[in-house]
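First chain A sits with chain B, and in the next complex the same chain sits with chain C.
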Partner chain A sequence: MGLLRYTTYRFIQAIPVLIGISILTFILANLTPGDPVRLMTQGQEVTPEQIERIEAQYGLDRPLHERYLDYMAGLVQGDMGHSFHRNRPVTDLIASRIGPTLLLVLSAYAFALVTSIPLGIIAAKRRNDPFDHVSRIVALFGVSTPSFWIGIMLILIFAVQLGWLPSAGLVYPWWSPETYGHSGYFEHLIETMRYLLLPMIALGTLQMATLMRVERTQMIESLQGEYVKLARAYGVPERTILRKHAFQVAQLPIITIVGLNLSTALGGAVLIEFVFNINGLGRLFYEAIIQLDYQLIMGITMIIATMFVIGVIITDIAYAYIDPRVTYGESE
Partner chain B sequence: MAVGESQVGSGSEPAEKEVEARTGWRNTLKKIKRDTTARWGLYVIGFVLAVTAFTLVDSNLSRFTFGAISDFALAEALPVLEHPERLPAPGEAETNQPPMFHADGSLSNPLGTDPNGRDYFTRIVYGAQVSVSVGIAATFLGLVGGTAVGAIAGYYGGWIDDMLMRAIETVYAIPPLILIIVFTVFVSGGSPDVRFAIIGVGIAFIPVFARIIRSEVLSVREMDYIEAARAAGVKDRNIILRHIIPNSFAPVLVYATLQIGVTILIVAGLSFLGFGAQPPTPDWGEMLNTSHGYMHSNVWLSIWPGLAIMITIMGFNLFGDGLQDALDPRIND
Partner chain C sequence: MSSEPLLRVENLKTQFFTDAGTVRAVDGISFEVHEGEIVGLVGESGAGKSVASMSLLRLVESPGEIVGGEITYRGETLFGLEEGPDGELRERDDMLSNEEMRTRIRGNEIAVIFQDPMETLNPVFTVGGQLREFIELNRDLSGKEARKEAIEMLREVGIPDPEERYEEYPHQFSGGMRQRVLIAMALACEPNLIIADEPTTALDVTVEGQIIDLVDELQEKYDTSFVWVTHDMGVVAEICDRVNVMYLGEIIEQAPVDELFHDTKHPYTEALLNSMPRPDRTVGELEPIEGVMPEAISPPSGCRFHPRCPDAREVCQRVHPENKEVARADGYPHNAACVKHDVFDVGYDESVPLDKEPQMTASTPSAGDDGE
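Coming up: the complex of A and B.
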């Protein structure tokens, strides 16, 4: 019962932050020196009458706070404004591009979790032997190498030199196989994986390395805990200790870090989508920035920040669910 | 909302930590000297900083002394804006020379040349100047801003603390790379360059530093000597500047070292997308952006700048790891 209340509480707590984000993006967008119209029409000849008309159309002739309230009123109804360059509602544009980004980020996380946790545990268990040293060096490379460069190197090796995997684009699993001319769902799935593999590794390596380091440290600490000593004294088999006693406690910080690292992953998605030519939110953001399409930029910033906030809430709830020591909220 | 409260750890045993931080400095230094990881980190950082210093001296000193830029800089590595005549005309230069170990390579261009015929080794060396100094400057800016915000929030408490912390959570909620790009592009009016990038990165890093400082300040604030200063009628501003900040600074400084690596990583990404250093300024991220278009014709162009970034960041990470091991009493052999 407490968990439900805690969940509601956390979501209500997020509202001021979301309002804050909308104010911040709005202020940033209006920090531009000179008038936004000049920015929007860069490189085009415009008459003063045209400028006036655009200003009126976008409400730019009104005071800042009025425009913000208007923007907020729209946001609440799911209207994020209008893209000047694409002449389409921002909400539509974002909706059409959010899928690939989610696919990319989630698969990168899956890759990171599946590799980092076993490796971290083995490294902790075999502390200071060659396996530990190698995995620590791999982790060090992982946290020190820019994700986009890993992407470029992967393309050079697996696409350009070996020709095994495609270097750009994605196959969307939610589209029907016929769209791509695939014979069936199996081929469709294989193709999806082939396209996803390189960007997934490029984006996931940093996460993998970070999580592997944390997992190793946590397991070492956990294995030194009093309860592990007690279990050993009672003659509990080492495997059971590792699986039950040490493992569960060590996972708690991992959950928190998974949530917080979403910030890096979402930022990284911009770079990876740029390198691999993936038509996701990150690439849309890049294009919007290049075109100075400021309603679109504001919309994407809002959505990405919201995704991060929701991700953190979900991990917080998972944490509360797993850790028996956490009391939900302040009332209990 | 408490995004990331657990990341910084709101100072569970602040008093203990404080004592350790103040008495442990000499001990820590000794441990760092003994720690192989930290030592290697220091070597790498030292090397990179030396290269950076060399480029600064080379590009500035010789210009002032001889009224011209040095031979090394003349290899068209410097921002050529001042010497446009040194840029080879399109099609005129021997473009895209491979590195020296390649059959067609030559010793005079150890890493080959870029598509404009500029020596790639020189550009990599000069790239350190922008990449490293931007990384350090931006981290420093975040440190100063974060210290100010964190100290004020922690010292005054109450509604000032609440307001500042809410603002910080908001900034923190936008992924740094996104925030920096939006800031840089809007504030520069659509023509981004390094100066705006530094400010943007600084702002994006205020939250992390502010949180650490704040939790330190919360513990220092309760110390007897602060009480004494207040009783003696010392102004708040002086208490914060003379007593609170100096006594809360040690852990932040350690964190800042670690953060430089992260900053260099982000700035490289920024330049790679074209929102950081602008050509012809040599910058590792910017060079990767340019070489992206030549991936099929000259593989090497994409390799060297990435290696340079990786080695630099690895230096800061190694040092930071060693520092953390030395400071963390929980993990000991």
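Coming up: the complex of A and C.
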């Protein structure tokens, strides 16, 4: 089976998963205690008739399964419904908020990969050296410290004490430099980085620590492999062994973890958006839950679930690409 | 037989420094390999055969270390120590550096065929790519020529459709085919000496037979010398010219192959031969060697084989026998390390036979078999 067929096949497989998620979320959201109409009309004088009218307007008076089927009918046409709190289409709301979140999550991953893999390799190569011990302590700190606390500490040190970096908000690189009064694209890019740096590190530290630990273990194991002995016995230079022979075998679990940790990263983004006052999907999600904005909750859940599923599919494709033993589903 | 051997190993000692103590895996072995010869290194698991063969390439992994002796290959010192001015042992000036070992010796002079074909090839690279890489490194060929050579070598070791198989990955090969690839790697680098570290152990008997025939044929064609590491006396009989029998890090008998089989001088070798299935004996007549080999971390006193030796006497507990010439055959010495052949000096004949002490048996879990 070719790559294209495999990808198509995996996406088709993902459809029942997404339907399952939609049913669960729909039920759970509607089971949440509280009444959205009452929340909306809080502090106002409303008659029971008015409440009934609002409920009818948003279809809240109809049975759950009807509302679900209605929602799904809209979804397949690209209509994610209407936020009754914000009185705007859910798609618009998500579109305006997804950018910062994606920027944050992807940059955190880039930061984690760029740092963890070299550090893990060096730690494996210098096993039980001081470097290895220090990096293991750092990794332990990284996996056991909540990202929001790291974020607060980073703000305290680099924004409050040292005043080097801004503590809140983001500069969106996709907006024109003039919006921010930047004199050109170079300054625009620098500012983007300045704003992004702290939240990126705060969110990426957990990923970095996890990946570094795995990379170290995998490289140690790989360096003890028989194929490394073989390469040594045939005079392959140590650097080539490290970079090629041992490295490529060791990367297989890394890919899996990158894919699976996408959920942790998306979850972590919610908290980081709060700490750094970033108007992303995470904050929108939080507000939607507080306000029992059913349509918005559904919409964001579906988007996050889809992103996760796509991430896993990309992982699988990358896995098959790197490991020749994994095929695109063909039988030998 | 030329006067200067291709490889000379003199009193080689390799030890592992573990938390539990020093493991003397190879404890003062000496042997020679001449041009065009297949020399066997035989012994049970844990005798130190693999460590000895890896020591030849200076590829013993930490915590292991070569601590003494001398390895000479074609007049070059692969390993050698001397006493420095401060009385400490230091590496000799003429000893090859690690870089020289890597660029000049490993692969292009001495190549290895490893034991486990399933694990030894890198799973994420094509078989041809791996073969080509080693050829490029060791033979100064361009990528294109190396590729051609690699395909030629695959054909030579009997892999059908080598052009197509070149592009395939190790998991698409059977065990026997992978072993052929490993042999192709060794031969393709055109070394003068190949260390074959139990290359047939992981294979089933029919494939083993094919591989041995293949090596025999290729050895004649290329006139390569071999150090053949094995625990299988049957393979030794079939392929080796001269044999070194190892027990617990020491060579206890060395002789040309016919001499060893027909005029065995050491009780251990004899026990090994008696435990081997042969066409002229029924299974009931097989005599397994009593017990298991002790661990090299605390070898028995005196002769290391005495706790399991049927001929052991009291003197064997005290006297450590030297490996010395007891006969000559085909111009080669027949050496054995057993006080039986030393009757006058140590008084073997007067010594009382040992009562059989309670023995460790094969089921004793404490005696690991991974000491190799």
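Keep this in mind: the second predicted complex is superposed on the first by the 317 of 332 C-alpha atoms of A that agree within 3 Å, B and C clash if a C-alpha of one lies under 4 Å from a C-alpha of the other, contacts with A are read in each partner's own complex, and residues count from 1 in each chain.
Methods note: contacts are C-beta pairs under 8 Å (C-beta built on N, C-alpha and C of every residue); 3 or more make two chains touch, one makes a residue touch a chain.
None of the values given here were measured: they were computed from a predicted structure.
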{"item": "Partners on chain A (chain B, chain C) - clash or fit", "value": "fit"}
{"item": "Chain B versus chain C as contact partner of A:V258, first or second or both or neither", "value": "neither"}
{"item": "First, second, both or neither for A:I201, with chain B first and chain C second", "value": "neither"}
{"item": "Partner chain in contact with A:V312 - chain B first, chain C second, else both or neither", "value": "first"}
{"item": "Chain B versus chain C as contact partner of A:A108, first or second or both or neither", "value": "neither"}
{"item": "Partner chain(s) touched by A:P237 [first = chain B, second = chain C, both, neither]", "value": "second"}
{"item": "First (chain B), second (chain C), both or neither touched by A:Q248", "value": "second"}
{"item": "Which superposed partner A:A320 touches (first chain B, second chain C, both, neither)", "value": "neither"}
{"item": "In the superposition, chain B vs chain C on chain A residues touched", "value": "B"}
{"item": "Partner chain(s) touched by A:K229 [first = chain B, second = chain C, both, neither]", "value": "second"}
{"item": "Cα-centre angle that chain B and chain C span when viewed from chain A, reported as a multiple of 10 degrees", "value": "80"}
{"item": "Partner chain(s) touched by A:L119 [first = chain B, second = chain C, both, neither]", "value": "neither"}
{"item": "Shortest CA-CA distance in Å separating chain B from chain C in the superposed model", "value": "9"}
{"item": "Contacting residues of chain A [partner chain B, same complex]", "value": "10, 13-14, 16-17, 20-21, 23-25, 28-29, 31-34, 39, 42, 140-141, 143-149, 152-153, 155-156, 160, 217, 220-221, 253, 256-257, 260, 263-264, 266-268, 270-271, 274-275, 285-286, 289, 292, 294, 297, 301, 304-305, 308-309, 312"}
{"item": "In the complex, chain C residues that touch chain A", "value": "57, 59, 102-103, 105-108, 111-112, 114, 116, 119-126, 133-134, 137-138, 169, 171, 182, 185, 189"}
{"item": "Interfacial residue positions of chain A with respect to chain C in the complex", "value": "225-227, 229-237, 245, 248-249, 322-325"}
{"item": "Residue ranges of chain B touching chain A (in the complex, touch as defined)", "value": "1-4, 6-7, 166-167, 169-179, 181-183, 185-187, 189-190, 261, 265-266, 268-269, 272-273, 275, 285, 288, 292, 295-296, 299, 302-303, 306, 309-310, 313-314, 317-318, 321, 330-331"}
